[in-house]
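The two complexes that follow have chain A in common; it is paired with chain B in the first and with chain C in the second.
What follows is the complex of A and B.
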């Protein structure tokens, strides 16, 4: 008999339970809905962390399970952010323009409104015309579709070209990194149509939610992120627990064997690459309204390398490992680089964590790779196994 | 008997070295065949060509009653058409259970969507049990394949091939590194398999070939040197000169 999905994946229920308690707890302690023990900016950090956990799941599927070390998934994350950011920025600017033009003695024409919005958005890069890619920026529905479509298509085309040519291993990693770098450099240009290095800003102001304080909005996004993470976790566990997961892990361990069993390895890689790109994009679309700003630096290759580090520290090939790694390392990173970590005076030298955090992270990564390749998740697995044996 | 696979006039060279030179070879449906030859005779390259891993510079590889050209197909398509391949080294998915290894190999829909929505049927469970019994791994179904002994891994791989229900099985040095008892079991497995399908065994070990008791093809420098019963080929002067004489 085939056991039920939950019976095969006990970690799903545990994870959903912890996530629910965490989200409820944060809400109760928040300023917006609760007793105000957790500041709104902290709520935003927690919400963003949940989005990072979601992209870490995507990374774990593509790297930990399928063995494709993609150094480009933050590009999809960023593209998702840009797609939703375009609507957020357009709609909010439109509101502002309409309000200010309402006092004008002669009612403005549609063209005047549009050019005023264009001036407001693109003045910073010396333009006022809307680039072609903003054609649908006034429609939330279309931009939401584009959140999925644009990164999905990019992944599909890129993956098709790369996998069809049987590019594997470190060469593929370099290729994905080149893609990320190219995209980031392109977006840095002022005439890229996405405001160059200024990026899109003011994304925390949600059009149509005028007068709603950030303390409330931050809770909406915390919940939205938690739900997305929960769905992503269930999807990943479901995909990896059955025969599909067997094939994907088979590709990681012995690609040729899978091929000679009659499975089209290239197709499977393309599917997993594209699906994880879309998951990453959704995570990005939820992240940037909480961050408030997106610019091309977010897409720089280093971000995708960090992503790989989180998953490695958390434990590859375990979905909860990816979540633990992303949550732990990104929260620690916020703490260390935020200046809250106490400096260590050594007399002759003082260790300021803002500068030394990267060193600590790097050393941890090297040590984990050398001595605990299974990461934190591997340690948990060993403990659980010990527990069940007793 | 009808021809199942026909290789004709195939040549392939790597950087000027002719690994296969105008090779022609036929195998009939349900035939058991041993391919022997010294190192570098092109035995493994021959398998690579048939399974689609290597593309020859010239020649044809024709498959089945509908005379399909295998050279136009990908490895996965060739495998789906009914050619199974066992590698020299045992290659099983060590991180997964014997059961999962076999389930993955069962002849079922190979497309991503079909695999994603796959539900194990009672028939599939039965098939896995039968196969496990055949390869002697019934007690090990839920162990990880990586924990098996060398011989057991070889059998698991043969089991995975049988699960695919191929019409032609290509087996590369199945007896390498096996104990005497393990060899005997392997011989029986292959002979049993050859009752319902064609099997081509590439082997170095003469005793093993003798036990298979089948038609033998001797390869040398990429083409067929002799063909016939083992006694016939071992008395062939050319064969003695290049292979057995040393």
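What follows is the complex of A and C.
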């Protein structure tokens, strides 16, 4: 069975190899463990990119394989980030408060500690009481469970409602976009309990890792992200290469026919929607400790559309396509918008990439959709096929 | 009849006066009046001065107002020997130039020691001021009268009431007369001499929507919270029981403390500070410091300290409870008369009911105007999405293009009215061309891949947005509405709607009718509907579906451009203008039902009014309103997945 899985998915081994080489290489070149050629912020960018690759895999499963163009997966990504962010912020603030209260002449009561933490966290939105949703913020275990549970449940309920009433195609896309919009608007409120548009910050400081420099922590997260990506890749390949995967592809190609063959299309869709939402949430939970801050703007519908852009450029219906698309476009975006790309002087006008990258991306995207609907992955497939024919 | 009798009486009394007074009445000068009341003017006491002021006020002499103003400004001087009043101007030394009150001519000089300056105290000045108000209220210039009325309205005083009453009869301007009578009633509410007068005035405002009426009535019903051992003779609004209806036991106890009826309890923070102050060798009153990390332990330690007399004793919960039981708590009206407060409450209730009705009407207008904005933004989308099944994510950018067109046109045509008239067709032309170009180059290759249309048009959308930023910059550009669209149509103090919104409403109606006409009554509309229902069959009937698709897309985009001009009139023109409307537009189309202009109208009306209703219940939080809106739409789609007005039969096929 194992052999046949690998045989059916030759890309898995290749991908794992490349990922291992990449991660090891980055570690060796890093400041934390190696010779210091790659800066810590660059390591963080690479780690974040791996997380984006993971959510791109999720998007590919739900869109490329199942044909559901979800414009809501970044909401799950963000929710995952928020769930882990709550613990990170609470635990770190608790550490700070305990340290400062230890100097007090009389030991603080539990109540005093709690209200001091509340003041520290919610003072910025004019509150000091802990909202109900922070009830478990002091427990890492429970928050880790919530990382999976909250987005999973949201996806389950939303998917059940949507698929049950046979909302398909562009309607479903708009509906998922509406869900994302509602969530981000809700989080923008100061009384949402998640600090409104301030979001959660200081997430790069890991509680319990006091004294460990960011250069080391960044490597930890790089490895964690790499392992999560590897597992996600294997899971995706395994799911899509079995019978489940065949039904999912069948739904994409002709939903009515699959239904008439006796499959419960709604259940399959619901499973793939929920599983990918959970993958997205895990990716988010790994991403935001590296980013250091999460706020509702991250969840805005536009982010989910960009996710679709990455997958489309990388090539839908191929897991490696999603990874390539996400890695390439997000890294290029960082490079172009970071101001590092050289400006092009045209004599009468100088092209600053900070201003023109979006235009280039948009136009590229139109061109890819028109002329290369299979994306980069399709080109690789053609090359590989030519290679095997020779 | 009445005037005849009045003038007869007047004539009679004048005759009598002429007989009694040796001099003829016409000859009485301001100096005479002053002389008549010379004693009390010189004395300057608040209690006795009124006859002098009344005499001056009622003299009917033209210079009376000026003299009173001078008197108020301490500019009157009296010559000691003959008690005559003059104005003065300083000459050299201690000599003053005397100036006649009436003619303003110098009439001689006098030593300062021979003169007495009349210095009315603040009480007298206030009385003079009140009398002067009446002069202003009866000023020949209506503008002055109106200004003084507004001044009184802004800062009413009890003394204004008689002045106002005196000024009503002589008023000739009917508007001002109504204003004066209304103001008189308003002042009577607060300053009326008897309760009966006040109640009559209060009840005359039943159902009045004016903010001023509510502003006059509300203070009557203000209450003060008091704690007493026994209910005395006061106007009680309600009795309060500690621990019920938001009146917690802590509130009650705080009230007792505020009225010096109880000692404050020691708060946890104060206890902590007291304990900190009494730490001796790591111990507080025999308790180890480390053990003091609960409130119970701290209470015990504090009691021990109190027993030693080191700190004031705490008031225990039980003691607080006892203190509460000894007292009764009331909200007491500041207004002592119960009949007045009853009348005010009844009248206010009647007002509230009418205000509620009018607010509903206002809300309906607001909802309608928002609906027409959504309709304008969404109708173009409804055409492209509904007729062609194409999701155009760049629709918002067409709206933005329209708004920027309006801005650019205003750069060249400075007259706002002309520029708007020019901008509307120009915006249509530009976005029509852009739409056709987009359809020809991108969309027509993707008719069988709707999801990819969505993504491709999104690509165009981000490119266009960035281009707009590169060209026009990121700051907001003004698109100024012509002057005749400024202001609002005010129906009463509650219901009003701005002219811009009315204009947009009219624009939406025009386009609704126009599109309905095009689709139902023209050849183009017939062909469009044919292509909507069955493109292949339409093609085989000889309809050029390519051309129809192109024109339909152009039309949808062109209307987006016009919507852009309209939206730009009241919103900031930025590159992100359109993206703010795109999701709402999609919602409108989806909720209304695809492929149907009536559906879009229904969807826009529903979403617009719903948003306003939610905002009404939660006015401080538009974000929450939008959140609930979207959630509502998601649920709505569950029950009517094809929208309010769903196409049936073959046209509904995917």
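Things to note:
The rule we apply is simple: the second predicted complex is superposed on the first by the 387 of 390 C-alpha atoms of A that agree within 3 Å, B and C clash if a C-alpha of one lies under 4 Å from a C-alpha of the other, contacts with A are read in each partner's own complex, and residues count from 1 in each chain.
By definition in this document, a residue touches a chain if its C-beta (ideal position, glycine included) is under 8 Å from a C-beta of that chain, and two chains touch if they have at least 3 such contacts.
The shown structure was predicted, so the numbers you read here are calculated from the model rather than taken from an experiment.
Placing chain B and chain C on a common chain A by superposition gives a fit, with no clash between them. In the superposition on chain A, A:250 makes contact with chain B only, not with chain C. When the two structures are aligned on the shared chain, A:239 is found in touch with chain B, with no touch to chain C. When the shared chain is aligned, chain C comes close enough to touch A:179, but chain B does not. With both structures placed on the common chain, the touch criterion links A:189 to chain C but leaves chain B unconnected.
Look at A:260: by the touch rule set out above, it reaches chain B but stays clear of chain C.
Counting the residues of chain A that each partner touches, chain B and chain C differ, and the larger count belongs to C.
In the superposed three-chain arrangement, the CA centre of chain A forms the vertex of an angle with the CA centres of chain B and chain C, and that angle is 100 degrees when rounded to a multiple of 10. By the touch criterion defined above, A:268 lies against chain B but remains apart from chain C after alignment on the C-alpha atoms of chain A. Of all C-alpha pairs spanning chain B and chain C in the superposed arrangement, the closest lie 6 Å apart. By the touch criterion stated above, chain C contacts chain A in their complex at residues 272, 275-276, 279, 284, 289-290, 292-295, 298, 385, 389, 391, 393, 442, 445-446, 449-452, 454-456, 458-467, 469-470, 579, 583, 586-587, 590, 621, 623-624, 626-627, 630-631, 633-635, 637-639, 641, 654. If you check the complex, the residues on chain A that touch chain B are 2, 239, 242-244, 246-247, 249-250, 253-254, 256-257, 259-265, 267-268, 271. On the side of chain A, the complex with chain C involves touching residues 67, 69, 105-111, 158, 161-162, 164-171, 173-175, 177-179, 181-182, 185-186, 188-189, 301-302, 305, 308-309, 312, 355-359, 361-366, 369-370, 373. Residues 51, 53, 74-77, 79-80, 84-85, 87, 91-96, 100, 103-105, 110-112, 115-116, 118-120, 160, 164 of chain B are the ones touching chain A in the complex.
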